[in-house]
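For reference, the structures are reproduced in the following blocks.
In what comes next, chain A is part of two complexes: it sits with chain B in the first one and with chain C in the second one.
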Partner chain A sequence: MSYTKRVDGRKSFTELRPITAKAGVIARADGSAYFKIGNTAAYAAVYGPRELHPRNKQIPTRGLLRCDYVMMPFSGMGDRVRPGPNRRAKEISMVTQKALDPVLDLQDYPNAVVDVFICLPETDAGSRCAGICAASIALADAGVPMKDLICAVSTGQVGDKVVVDLDYAEEAYSDGPVSDIPVAMIPSTGELTLLQMDGEISKKDLMEALKLVKESMNEIYEVQKNALKDKYPAGGDDDE
Partner chain B sequence: MSESRKHITEYLKKGLRLDGRKLDEFREVSVEYGVSKNAEGSARVKIGGTEVIAGVKLNIGTPYSDRPDEGTLMVGVELYPLASPEFEAGPPSIDSIELARVVDRGIREAGAIDNKALCIEKGEKIWIVSVDICPINDEGNLFDAAGLAAIAAIMDAKFPKVEKDGTVNYKERTKTPLPIKKRPIPITVWRIGNDLIVDPINEEEKSTDARLTIASLSDGVICALQKGGDATLTVEDVDKMTDLAIAKAKDLRSKLGGKSK
Partner chain C sequence: MSGLTINDKDVVVPGEVLAEGMDYLPSHGTYRLDDTIRAGKLGLARIDGKVIKIIPLSGVYSPRRNDVIICKVFDVLMSGWRVNTFTPYSAMLSMKDGTNEFIMKGANLTKYHQIGDYIMCKVVNVTSQRLIDVTMKGPGLRKLDNGRFIRVNSHKVPRIIGKQGSMVSMVKNATGCRILVGQNGVVWVSGEPEMEILAIETIKKVEKESHVSGLTDTIKVFLEEKTGKKLETKAEEKSEPEGEQQ
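For the complex of A and B:
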């Protein structure tokens, strides 16, 4: 059976859910952001560069990026998410760190750490990507030296169609194969910094998905840049 | 005495706070409902720059054997390091445990929710009400923000649909609210030297000698107390603090809007 119409009524298979983003939402943090796509929302706060404890983790030649992803206990449908570390959150924290690190330049901060905390109050699939988008804006807001932002969104296959930005209903599609492929990208070079998948997809469709998702990244990039421009209307001449 | 404390005390002598408020004056308070769609109830509370989100989850479970016909309530607080440079990652700190227990007691001991009405089948099936409070930004007075957010989220909650076979359909929500009997509001009064203040900012919290959290109901009945801080309180202090807390609870109660009774 053919997947003809998106479950949530989106008009095309590449249409993203509505996105909002804001920089500077947590005053206590050195940098922060809110990023919402559909019903998936993420807060990100950046603290640092600051001294890294324990000291045996310090790197004498550069600063370290550390990421922590957490779903609020009431953020998912059905059961409460038990607080405390779990395998899923730990893995996502790790891939988030690796998704963001390639654009950061922490050479001027030996022995220091930049902490990124991502918290999701509401999730409807695509939460790691939303967290990465928020974190990237928050890092820029904190003034951490960066070559570019990082954009992230999922792509994949639902039934016989290659789609971008799957929501939970699409991930749960039962009339055909489904694959979910979270992707993060450096928009200026097109390089991938996050690539995961579960489900099944042909190689041809995978390459098609990666081609389609690249176009969506530009849309996300604009929203992220606008969030920063709204907070810093001077356009980068502001030292603080 | 720290410089910050000296500064605060000098101001208090003139009847003023660091940010220009009077001693018994709250910052602006706002309550917003329905901020997280997957939670059965949710609310965002802002007190000045302090922001917290609270969410309610409703699950079916088995009752405790000594209370076979009663549902259960649990209140948790997650002090994510997102919200303040002073919060650390890792297991719950004593601060978050105290905060959660004070809010929990305020709601539980007031009998805010009719536990018997949460029983589905005696000895077998009950509703478990989980309230989780997550600060987004801590600029002081998390106690009162957390307490207000918890009751607001409880007021916002609606039961999910239960199918004929007994399974819960979380995609569909009924119009039935939680069986709320009372709406306790905790207010914390802080003593710095001989002065009593409410709604402290971070610097004031650090300069505090003692605090008393007083949860009260709309008729002024007190339903939970918690003393904190290293210094002592006199009975006269408690007298004044209680009057102040009950008066302020009335103000905050009005922020719950049309849903409040």
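For the complex of A and C:
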């Protein structure tokens, strides 16, 4: 049986879920953002650059990026999860850090740290991608020097179709093979900073999926850009 | 294709293309990627002839030589004091720069600056590893007693001070408070308690509305309303020299 129609009623296999994003949602943080795609929502808060403790973690040649990904205990299907870091959250924290680090320019902050906290109050698949998108807006909002934003969304295969932005129902599709491939990209150069996979996919379909997902990135980039621009209404300082 | 893709004073986000072709030069906060100039941080793009730079809207203060900043003493060492500069890096206030008094060998340095004291000091030197030296020798550099301290975005400090100090002296005149603004975004306010609160409220308002043009007039109206007294015009303010300016 082939997969003919998307479970949540989206028109095409490349259509993304509705996205909303907002910068500056946490007053006390140096930078913050909210990013929601479908029913997956992420908050990100950035603190720093600030002094790094313990001191043995300091890097004398550049600043360090530290990410912390946490899913709220009530965020998923209602199964209570123990709060705090688990094996999965630690892994995602690490891949998030590696996805964001290539665009950051922390040369001017030796021995310092930029802390990124990502929290997901609501999840419906694609949570690491939503977290990376939120974190990237928050880092820009915090004024951290960076070459570009990072856009992230998942792609993959459901049954016999290559799709973009899977939700949980699609990940759980049981009438055929399923693969879930979270991807993060630097929009200006097209380089990928995150590429993981669950499930199985043929080489041909993988290439097709990566091509489709790159096209979807622009949509996400525009949302991120507008979130930042909306926070700072136009008009310059008179005194500068 | 070549030329600008944005206007002067536009808000730009990291990665945004500012200009195409080789006709423009990248300056602070921008970089060149192939034949485009792109933004390297969030801020206002400024075009100055052929040079494009970015004025940041957020981010931490980075200390520069000769900046006057307000710091907090957090440690007393053998040969001086360590002060919190409210940046990622702490600064060193050496014994000879800390006071004009003669310090006996082996004296208790807390007699001069106790942990928790706020001081107004000047940056003497910043190294590539961001080791900072500060001094308290200079006009107006002193310990700050009493009063209240608030922190504002350091990029808004020029706006809070205003042209020739117009903004801050207006707040001073209206509230009767003494106000000092450090380049690192720490502001000290000292006066009557109610007036301190009003001064802080005003400074926060300036910080929040810094992008609005004609802000000095808005703030003047706001202060006249709150204090119920008429403020003098700018020209008269200027003729009154005040020592607290920085």
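In this section, the second predicted complex is superposed on the first by the 233 of 240 C-alpha atoms of A that agree within 3 Å, B and C clash if a C-alpha of one lies under 4 Å from a C-alpha of the other, contacts with A are read in each partner's own complex, and residues count from 1 in each chain.
Following the convention adopted for this analysis, a residue touches a chain if its C-beta (ideal position, glycine included) is under 8 Å from a C-beta of that chain, and two chains touch if they have at least 3 such contacts.
The structure presented is a predicted model; accordingly, all values stated were derived computationally and were not measured.
Student: Now for A:P60: first (chain B), second (chain C), both, or neither, which partner does it touch?
Tutor: In the superposition, A:P60 touches chain C alone.
Student: Scan A:A112 for contacts with chain B and chain C and give back first, second, both or neither.
Tutor: In the superposition, A:A112 contacts chain C only.
Student: After lining up the shared chain so the two structures overlap, which partner does A:P187 touch, if you call chain B first and chain C second: first, second, both or neither?
Tutor: Second partner only.
Student: Please name the chain, chain B or chain C, that touches the greater number of residues in chain A.
Tutor: When the residues of chain A touched by each partner are counted, C comes out ahead.
Student: Can A:A27 be said to touch chain B (first), chain C (second), both, or neither?
Tutor: In the superposition, A:A27 contacts chain B only.
Student: Does chain B (first) or chain C (second) touch A:V103, or do both, or does neither?
Tutor: In the superposition, A:V103 contacts chain C only.
Student: Is A:G9 in contact with chain B, with chain C, with both, or with neither (first, second, both, neither)?
Tutor: It touches nothing on chain B or chain C.
Student: First (chain B), second (chain C), both or neither: which does A:K229 touch?
Tutor: It touches chain C, and chain B stays clear.
Student: Could you say whether A:D141 touches chain B, chain C, both of them, or neither, answering first, second, both or neither?
Tutor: So A:D141 only meets chain C here.
Student: Sort out for me which residues of chain A touch chain B in the complex.
Tutor: 25-29, 39, 41, 43-45, 47, 68, 70, 72-80, 83-84, 115, 117-119, 121-124
Student: Help me check something: in the complex, which residues belonging to chain A touch chain C?
Tutor: So the residues of chain A in touch with chain C come to 30-31, 48-51, 60, 63, 103, 105, 108-112, 140-149, 186-189, 224-225, 228-229, 232-240.
Student: What residues on chain C touch chain A, complex-wise?
Tutor: For chain C paired with chain A, touching residues are 8-11, 13-16, 29, 31, 33, 38, 40-44, 46, 55-60, 62, 88-90, 128-130, 158-159, 162-163, 210-213, 215.
Student: Would you pull the chain B residues touching chain A in the complex into a rising list?
Tutor: Those residues of chain B that touch chain A are 35-39, 42, 49, 53, 55-57, 59, 76, 78, 80-85, 89, 91-92, 130, 132, 134, 136-139, 168, 170-171.
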